[in-house]
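In what follows, a structure is listed as structure tokens, so that the remarks can point back to it.
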Amino acid sequence: MEALSETTPQASAGAALPLLRIDAVGKRFGGFTAVDDLSLDIKAGEFFALLGPSGCGKTTLLRMLAGFEMPESGRILLNGEDVASMPPHRRPVNMMFQSYALFPHLNVRDNIAFGLRRAGVSRVEINARVAELVALVRLEGLEKRRPEQLSGGQRQRVALARAVARRPRLLLLDEPLAALDKKLRDSTQRELLALQRKLGLTFIVVTHDQDEAMTLADRIGVMNAGRLVQVATPRQLYEEPRSRWVAEFVGDINIVEGRIEARDAGRLRVTTQGAGVLTALAPRGFGDVADVCVAIRPEKIRLSQRAPADNSGASTINRLEGTIADVNYLGSASSYTIALDGGATLRASLANAARVNADAYAVGQRVTAWFSPDDCVVLDR
Amino acid sequence: MSGRRFAAMSRFNVVSLALGFAFLYLPIVILVIYSFNASQLVTVWGGWSLRWYTAFFNDEAMLAAAATSLRVAAVSATLAAVLGTLAALALVRGERFKGRTLFSGMLYAPLVMPEVITGLSLLLLFVALGAERGFWTVTIAHTTLTMCFVAVIVQSRLGSIDRSLEEAAMDLGCGPVKAFVAVTLPLIAPAIAAGWMLAFTLSLDDLVIASFTTGPGSATLPIRIYSEVRLGVKPEINAICALIIGAVTLAIVTASLAAKLSSRRGGNAAPM
Amino acid sequence: MSARNIFTRPARLAAIAPYGWMVLFFLVPFGFVLKLSLSQVANAQPPYLPVFDLGAGWQALVAAVSALSLDNFRLLLSDNLYLSSGLRSLTVAATATALLLAIGYPIAYAMSRLPRRWQPLAMILVIVPFWTSFLIRVYAWINILQHDGLLNQVLLTLHIVSEPVVWLSTDTAMYIGMVYSYLPFMILPLYATLSKLDPALLEAAADLGASPLQSFWRVTLPLSLPGIRAGALLCFIPLVGEFVIPDLLAGSDSLMIGQTLWLEFFTNRDWPVAAATAVMLLAILLLPLVIYDRFQRRQMVRS
């Protein structure tokens, strides 16, 4: 896969091994391929997010890293050692479960100490470590409580403290914030980031929530149907999606299909179905295909009542005439649906920068939508 | 491959299950096989024969006892189904009412109460009331015991029913009684049926309570079997037991098939 | 007025019939047992004194009450038969419950590990023997355990023993019968708690370094305690008062309290002593119930 070429390491003997190397790992359940020949490197200290729709195989991959599922093929190298067939209780990897899986019969203290006891840590050290962890996740005074006596946020913190208690080389987090309500999720995200920096651990988080992945992760691996379709930083993922699927999965986007008519000076001229002729930046290493689609994020589109004066040459800015078909007020921004004269529909998002917005557009109003060729992404259909 | 780690554990599990079910079923299977034994001696295999079944069908006293048992079971199970369902309704929907604790206590106690105590106490009541002991006293005694089982079964089903279903029915114009009959009753009907079946078998099964509460001429089947068994193993008893086991198996298979069929019918019900 | 919603009032009306029935046929009879346990045996029909006759007026009632005595309980306490049968009932029931737990736990555990779609079938297979008559199940073991029964035949053929072993009329036979008859009552509550156990908890234990055996001791077993308590109670209480199994399978040299009651009632026709025995049996049973209730209540307070 092309998308993988930059992340799949060439097997060069001299290069230092990463903390975790997933090498051509595959897993099937019956006839269903959950993880399909997947390779990925993760560096020590990284905060990595696996993002994908439900059923894409991200949880299966995480469970193989933890040892709850055995891969059918491939290797999982942790510090160069193949752990693919090592049972979970021997792996220097810990997991924070989506349901937290706190032991209901043990109090906070004993939940956190569970892993330390199994590791044969001395009683004195356990006490010290637990006290330290309790302070770290701000649960002082709740040590004797049982899980059912805690709030959702407190449970989440116990689960986190329990999972980091053994100082794993790799911490796996399965939808760590899914069970929390929105307000709590935002503050917990910041705490999680701070904790990761403080402990210097390597985190792999599985999530279906792209905002969460964007906020937390240094790099995001987007999965679909058992494969990694793109591995990139959050910014790259949003601004430079490598495929139409990724572009549509991450964030909101307008997509019009068309044919490349001309290429000159790094620009492509694309004749679209319903949106006229668009000029777009030619992407790096784009193959020799004619049938493409042009993608543009709603917030990159600007609207005006008259066509704007073009400062940088008549052909460089894309201008499309149309009528406002729908307006959705969303608080910080408003979303406009524009029925283009060419027939296509475009969505534009404009920040509500002032409390009283005299320039707001109304349904039925004629507008010109315009955007820079640099903001257009040309993708294979 | 995938379950390599659990292989040893599941082998232990398989052995536990195999031994457990063998322990539960082997004695019954052996009993049934020996009921077809031609030999007079219970333990010596003398070839296949139906002679003990013939012997049972010619044993007037045994047949009379069987008839009594079936009548007692049918009547008491029906009474128990009605009373138990009412009790379950009161417990699930009655909120707090005066004497609720006593009520639920009285319903749960017979489930674990030693039968000798239940039997003795009912007998003393019947004696004090001057009631003639026989069919009705046994039936009342069995109803008292088995309605508690019905109540527990129906209660758990009733508790799992979304009350808004009945509210929806009323919202759509049913009166309270109509709503109960049209919505709730069909939903708890399987539980009531299961309760009736359990009550029927418990009644058919009971020796101790019946021994206390019955009178001359109304010996139930277990009482007859017990008096025979005390004197030793008899091939004819094997035949009776095999018949009972066959009837129970048939009933269970029929019931589960009916349940499966009705759920399938419900699933495929096409809108008219 | 105080009704919480429209369902409350009809539901309370529904209580009337079963409530009345249980008061008349369950609660009131206990009063008779209690009264009779304080009465004297008489050569009459019914065979006890005094008989309350409400028609005879207050004087007669006072006379009758004053005729009540604790003689039956004095007899129970002085005669070794009753105390020893009470004690035997407790030890037999405790031993049988322990055996049931040891045998039932692995079966219930294995059932809860079966694939989800097989579990209902396994549950039916456990329940079905319970639907066949209790008496038949005990009788089936008489067939197997008697002197020239199947067990001895097999043991002789395999040359494990050289002459038939006496199984019937021993405590071994009684325990086999008890375990056999009560196994579903132990398995079902155990299975109910074990099947509700979140598999993620076992994964979490393994993830935190617990070996499968440690996971069992530290997580599975403590979390199945409610099932163990319920199963033990469900077996122990009826076992204390058990009559049929010891009567048919155990020897006659020492009796359980249920057998003593039966003997006093049917053979000796001493109804007052039988009633006193019943009261004693109830008193014995109250103890485990109170302990169980404590546990439940503490659990409730905790959550």
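For clarity, chains are labelled A, B and C in written order, and residue numbers in each chain start from 1.
Please note the rule applied: contacts are C-beta pairs under 8 Å (C-beta built on N, C-alpha and C of every residue); 3 or more make two chains touch, one makes a residue touch a chain.
All values reported here derive from a predicted model rather than from experimental measurement.
Chemist: What's the farthest chain from subunit C if centres are computed as the mean of the Cα atoms?
Modeler: Computed centres place A farthest from subunit C.
Chemist: If you tally C-beta pairs in contact for every chain pair, which pair wins? Let me know.
Modeler: Looking across every pairing, the one with the most contacts is B-C.
Chemist: Report the inter-centroid distance (CA atoms only) between subunit A and subunit B in whole Å.
Modeler: 58
Chemist: Just curious, how far off is subunit C from subunit B if you go by their C-alpha centres, in Å?
Modeler: Result: the chain centres lie 17 Å from each other.
Chemist: For subunit A and subunit C, what's the span in angstrom between their mean Cα positions?
Modeler: Distance between chain centres, rounded to whole Å: 59 Å.
Chemist: Residues of subunit C that contact two or more other chains, please.
Modeler: Answer for subunit C, listing residues that touch two or more other chains: 212.
Chemist: Please list all residues of subunit A that touch 2 or more other chains.
Modeler: Those would be 87.
Chemist: Where does subunit B touch two or more other chains at once, residue-wise?
Modeler: Answer for subunit B, listing residues that touch two or more other chains: 5.
Chemist: Which part of subunit C faces subunit A closely enough to touch in the complex?
Modeler: By the definition above, subunit C touches subunit A via 198, 200-201, 203-212, 214, 218-219, 222-223, 225, 302-303.
Chemist: In the complex of these two chains, what residues of subunit C are touching subunit B?
Modeler: 3-4, 6-8, 10-12, 14-15, 17-19, 21-30, 32-33, 36, 46, 103, 106-107, 109-111, 113-114, 122, 124-126, 128-129, 131-137, 139-144, 146, 148-150, 153, 180, 183, 187, 212, 233-234, 237-238, 240-244, 247-248, 258, 261-262, 265-266, 271, 274-275, 278, 281-282, 285
Chemist: Considering only the defined contacts, which subunit A positions touch subunit C in the complex?
Modeler: 66-68, 87-90, 93-95, 97, 99, 101-105, 114-115, 118-119, 146, 148-149, 162-163, 165-166
Chemist: What does subunit B use to touch subunit C in their complex?
Modeler: Listed in rising order, the residues of subunit B that touch subunit C are 5, 9-10, 12-14, 16-17, 20-21, 23-25, 27-28, 30-31, 34, 41-44, 82-84, 86-87, 89-90, 92-95, 97, 99, 102-103, 106-107, 109-110, 112-118, 120-122, 124-125, 127-128, 140-141, 143-144, 147, 151, 163, 166, 170, 176, 180, 198, 201, 204-205, 207-208, 211-212, 222, 225-226, 229-230, 233, 237-238, 241, 244-245, 248-249, 252, 256.
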